[in-house]
Amino acid sequence: GSASGGSVQGKEAGSKNIVIAEPVHLIAYLPLYAAIDEGYFKKEGLDVKTITATGGAHVTSVVSGDAWGNIGGPESNQMANNGNKDPIVSIVNVVDRANVYLMANKKLKLKGTSDQDLAAFMKGKSIAAGRYGGSPDLLTRWLLLKVGLNPNKDVKLDEPADASAVVSLVAQGKDDIANGAEPQISEGIKKGAWNEPFYGFPSLGDYAYSVISVKQSTINSQPQTVQKFVNAMLKGLKLVNSNKTEAFKILKKEFPTSSNASLKASMDRAYKDQLWSKDGFITKAAVAKPMDVVKKTGVYTKGYQYSKLVDMTFVNKANK
Amino acid sequence: MDANAEKIPVERTGIDQSLEVKKNTRVKAAVIEDDRKGISMRRKVVIGQMIVGVTIIFLWEFLTRIGWLDSYYWSNPSTIVQTGWTAAIQGTLLQDMAYTSGATIIGFILGTLVGSVIGLSFWWSSLYSRITEPYMIAFNAVPKLALAPVLVIMFGIGFNSKVIMAFLMTVIVAALAAYSGVKSVDKDLEKMLFSLGAKRHHVFMKVVVPSSVPWMVSSLKINIALALAGTIVGEFISSRQGVGRMILYAGQVMDLNLVWVGVIVLSFLSIFMYLGTVWIEKWLLKNRKYQ
Amino acid sequence: MDANAEKIPVERTGIDQSLEVKKNTRVKAAVIEDDRKGISMRRKVVIGQMIVGVTIIFLWEFLTRIGWLDSYYWSNPSTIVQTGWTAAIQGTLLQDMAYTSGATIIGFILGTLVGSVIGLSFWWSSLYSRITEPYMIAFNAVPKLALAPVLVIMFGIGFNSKVIMAFLMTVIVAALAAYSGVKSVDKDLEKMLFSLGAKRHHVFMKVVVPSSVPWMVSSLKINIALALAGTIVGEFISSRQGVGRMILYAGQVMDLNLVWVGVIVLSFLSIFMYLGTVWIEKWLLKNRKYQ
Amino acid sequence: MNKLEIVHNSKTFKKNDKEFCALQETNMSIQSGKFVSIIGPSGCGKSTLFNIIAGLLPPSTGEVLLDGKNIVGKSGCVGYMLQKDLLLPWRTILDNVILGLEIRGVHKTEARERALPMLQKYGLKGFEHHFPAELSGGMRQRAALLRTLLYDKDVILLDEPFGALDAQTRLFMQSWLLKIWSDFKKTVLFVTHDIDEAIYLSDEIYVFSHRPGRIKAKVEVDLPRPRNEETLTQASFQHLKKGLLIMLKVEQEIS
Amino acid sequence: MNKLEIVHNSKTFKKNDKEFCALQETNMSIQSGKFVSIIGPSGCGKSTLFNIIAGLLPPSTGEVLLDGKNIVGKSGCVGYMLQKDLLLPWRTILDNVILGLEIRGVHKTEARERALPMLQKYGLKGFEHHFPAELSGGMRQRAALLRTLLYDKDVILLDEPFGALDAQTRLFMQSWLLKIWSDFKKTVLFVTHDIDEAIYLSDEIYVFSHRPGRIKAKVEVDLPRPRNEETLTQASFQHLKKGLLIMLKVEQEIS
């Protein structure tokens, strides 16, 4: 398909229909939802909707032109870009921390936080790592490699497709360690499966976990639209980072059936670990980390160019 | 009576012989069923179904309350109803249901029609049918969810792609059912029609198609379930609406109550669609009192 | 011949009348097929299937080479073969295949057996069967993938859970097929058996079961596909091995060549299993030359 | 002594919510060892009556007494050959014929051994291991009759057993049936459309009226036994035949 | 002039890789407007011969000439009533009967109008809109015969059409068939097991030998026409009957 995702289709003249593909409907994408629900996009003349697309389809839907852009890790874009004449380019940051934590069965105690301690702790354990090939799974494998363990030999990895399954696996004693994020962490604590996480990947610092990306051809043909989108996105980020009560209201609206306690726990941890990007900027270091993860785990080894994968001109312009 | 019959020793018998016989009140018939049973039977079935349903719900609530089942994973009926209510009022459950059932029904209808045409067309050439059959089976077994990235390119991410998924799930089953019907056609009936000077298209229209109807109908119930599964897989791959998407999202945010709401809602949708197919079955076979 | 027949004007006819008649070389038979066709037909089918297969592969390679299809998403046969080779030699493709087909076949056998028993049991009581039917349908329509967390709790994450998924996918279809067979049993045959003093279990064993065999057999082909789908869904939910897991992983990391390898491998598995069911069909119906 | 009594039997079917009378109040008393034929126009309820006697259909009113005991609704008390051959298509002819024995619990191999000579004797030699679909209509009917005879009951109901047999086999089978009947003193109820056959075989003939079925007449056949082909040419035979023909003709005209 | 010629026809079936001869070299010459019967033991290949003439089965050797033209393998040239009734169970009796007309392209409503009087005239009144399963065997056979007659061809093959009819209807139908035949000068080939019927109806009777079928004799019936019930008692009738009976009996003994 062609880059038609942003063409004028709306009933109101000038209001562009924009579809953003998300791999899952996630609390971490709150700044995007905020920009939608608070009408920041509307004010820019954009009509933004999200669509959930699993199994890598959030990337393909952009390639095929069904979606205008996507939210997700830059590494999956890079994998699709390899050999593609019209690459997908990231334009603004949303989640700037690796939003994954490792929790262990209450009975297990970690001695220290060094790599050796971690290696000793995890060796021989069985780990509920989440969807095979997903970011949490890859991060877990990456960590195992980093501390000197072989993911295929030194531990037993269980890779259920459904995030909620990891809680039950540990709660039932079938696995010793689980990875996950909120709300799994607090649910597990509530159920007595584990205590606070023994390791948090946010400790890696800036990490381009979820960014918004569009095709290069879109940037070329509709620079104003991209600019407007980035402007509104930055407003969303600002709101979420500064106005906790309003952010919570939006969260409640987006996830009406979730319990307040679980939403609250998610928010608290997000603020504590500085989950969301402050300025929407994607640094070289933030991109380098996920690319290192896919490289070390052998998923993608062909290399990348920051300048082709990220275009910060719109963020820079907006922040001026 | 004629005069010739006079000399034959004829002894009149019949109702005038007075014997005390009571009206048979109830006889245990070995085989042939009485028609009167019909209505009371239907009532019994409905009552039986309700008893089973109520028992399941009661046990579920009870076992989760006393803790035999972990209510975190199993949820329980009252919480599910409550969550469902919230989802319907504040969320988009009703639109999701309309979306899912719309895609399912359209895909089901298309799949059944096209599949039946394909299956019936196999009557025309056994070479063609036997060449095609394994490819159909292979195609049907391809895991749609796994092809997610490619499917998005082929079918897009809109409503149409859900319809196509439902279509793909049903079309082969419908084709195979119609093909089974074609294979079961009584050769003697075909022979009889040819003896009346029929061309192949006459035999096709007047014998093959009507003979195959019961076979095609027999696949409807399976197909409505498959169509629903297809739609849900379609919604898993990519969707803005639909019950499948809701379930995926609920599982992701650990809202197991909402997962159950989705599962229950889908079960109800499936029961209603099932009843719909039963009604279609009756309608299609209504001119077949002989059965 | 008797002397009494002498006066009757009998005219001997037969082979002694000398007429020039050539041996019929080939007659276009309207209906009744000649047996001799059998073998050459089979050869034609195989050749036809190969032609179709080769054409698809050639077109695929050709269209991706000249760029009509984007080779990134569509991959192409040569790359797929290469990737598949690598996966088989360096990876675990062969074990994955064994794992997937093992779970599929075990689940298929269990599901077909149990389903057939359930479907046949419906002959015994129409009250019971009619109460149960909608629950079966609803149960069958429940999206297994959505129930992932609960399924993990119920069936674990090992090999068994894949088998159970395959089982759950097939059991209802097998039951419904057997039930259709039960409903199609000729009432007159039952009547005849009762007249020979048969009890219900005699009728069941001697009429109902054999009458239903062709119906049960007719569901095998659909069921093998469903069993495979069930196994793959089971592997999606949680797995350490299997082709389904490999595909999901490949899709996740956008390795579309590997996705295609998985899809092709599954298609081959499905064709082989299909051929297996065809063989089972023949075996089950081998004593039914009357058909 | 009356072997079989049909007391006040009637049958009404419901069809599209309309009542439809197939058999009007019928009374019959059949003495032990008698050969009784029933003739009547097509659709007059002869098969319906047999279904009632065989316990396969509950009558709307009335009782069926076998040796004085009510057997309404009880199947398996009498031998019954239905109008269709009803051979199981997945069984060989031999295995079809032993069905009754199997149900009584006789072992399959033993049952086969018992049945095989009968098959060979009565014109199915060489077809024992064929399937029903491979046989001509006549042969199938023969197999079905042998099956009923192997199911050894005092009273045997035969619903047009020879309707599909060719003329010669028919004559042959008639004589054979008479032999079985006199050897074993079975009570036979026999439906036929062939007046010659009815007279030749029977002690009594019931003539049924046109739909709804009702007994119109009962005719005693006082021809001496044993009967043979000579019987057919006797004057009293011709006399009976004429009378029956006229009675049936009246029926035909009414309808 | 010969309307229909069967030249050197034979048929061999393959069964489990064994050749099985159902019909040996058969030659028949049937003149236009004749009524020709075929009698022979069950399984002697009569239906097989009819299938060949009707173009539904390719013979192993030989030709079938209709008006001098070879019609081997061409169906629809003659009217053919098969041995089974073969009514379509999902069509009413009326709609079954008009099948031949429909195929010829006559509009359904017109075809119904044409067929309705025939149904009512020939004993199916009140059953026009019933389904086959609701009728007795005899009625079904009657409907099947009417269907063949409505398919208006010069040559009609009837494979035991009256086998399932009761004696009275049978007589009635025989007379009626004779009437149709003389009115329309149709050429009729007629299979029966009933010698009386064969003599009563026919100009010629072919006697087939036991399996494998072969023409054993051809008998001319020189009874005057029109025939009626008197014919049955004529001396020459009895004479013919005796001869045929003996011929068939020889067949029976051979088998």
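When the chains are written out, they are named A, B, C, D and E in that same order, and each has its own residue count from 1.
Basically, contacts are C-beta pairs under 8 Å (C-beta built on N, C-alpha and C of every residue); 3 or more make two chains touch, one makes a residue touch a chain.
Chain-to-protein mapping (UniProt): B, C = ABC transporter permease; D, E = ABC transporter ATP-binding protein.
In this text the structure is predicted, and so the values were computed from the model without any measurement.
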{"item": "Interchain contact steps from chain A to chain D (minimum; 1 if touching)", "value": "2"}
{"item": "Which two chains share the largest set of C-beta contact pairs", "value": "B-C"}
{"item": "Rounded Å distance, chain C centre to chain E centre (Cα mean)", "value": "44"}
{"item": "Averaged-CA centre spacing for the pair chain C and chain B, given as whole angstrom", "value": "19"}
{"item": "Per-residue multi-chain contacts in chain C, two or more chains", "value": "30-32, 73, 145, 148-149, 153, 191, 194, 236, 248, 251, 254"}
{"item": "Chain A residues counted as touching two or more neighbouring chains", "value": "55-56, 59-60, 63, 162, 164, 167-168"}
{"item": "Residue list for chain D, restricted to those that touch at least two other chains", "value": "51, 55-56, 75, 134"}
{"item": "Residues of chain C that touch chain D when the two form their complex", "value": "186, 188-189, 191-199, 202, 206-207, 210, 213, 287-290"}
{"item": "Residues of chain D touching chain E in the complex", "value": "15, 39-43, 47, 83, 123, 134-139, 163-170, 172, 193-195, 248-249, 251-252, 255"}
{"item": "In the complex, chain D residues that touch chain C", "value": "51, 54-56, 75-80, 82, 84, 86, 88-90, 99-100, 102-104, 131-134, 147, 151"}
{"item": "Touching residues on chain B, where the partner in the complex is chain A", "value": "72-73, 83, 86-87, 90-91, 145-146, 148-153, 156-158, 236-240, 245, 248-259, 261"}
{"item": "Touch list for chain C against partner chain B, complex", "value": "30-32, 41, 44-45, 48-49, 52-53, 70, 73-74, 126-127, 130-131, 134-135, 137-143, 145-150, 153, 172-173, 176-177, 180, 187, 190-191, 194, 214, 218, 221-222, 224-225, 228-229, 232-233, 236, 244, 247-248, 251, 254, 256, 259, 262-263, 266-271, 274-275"}
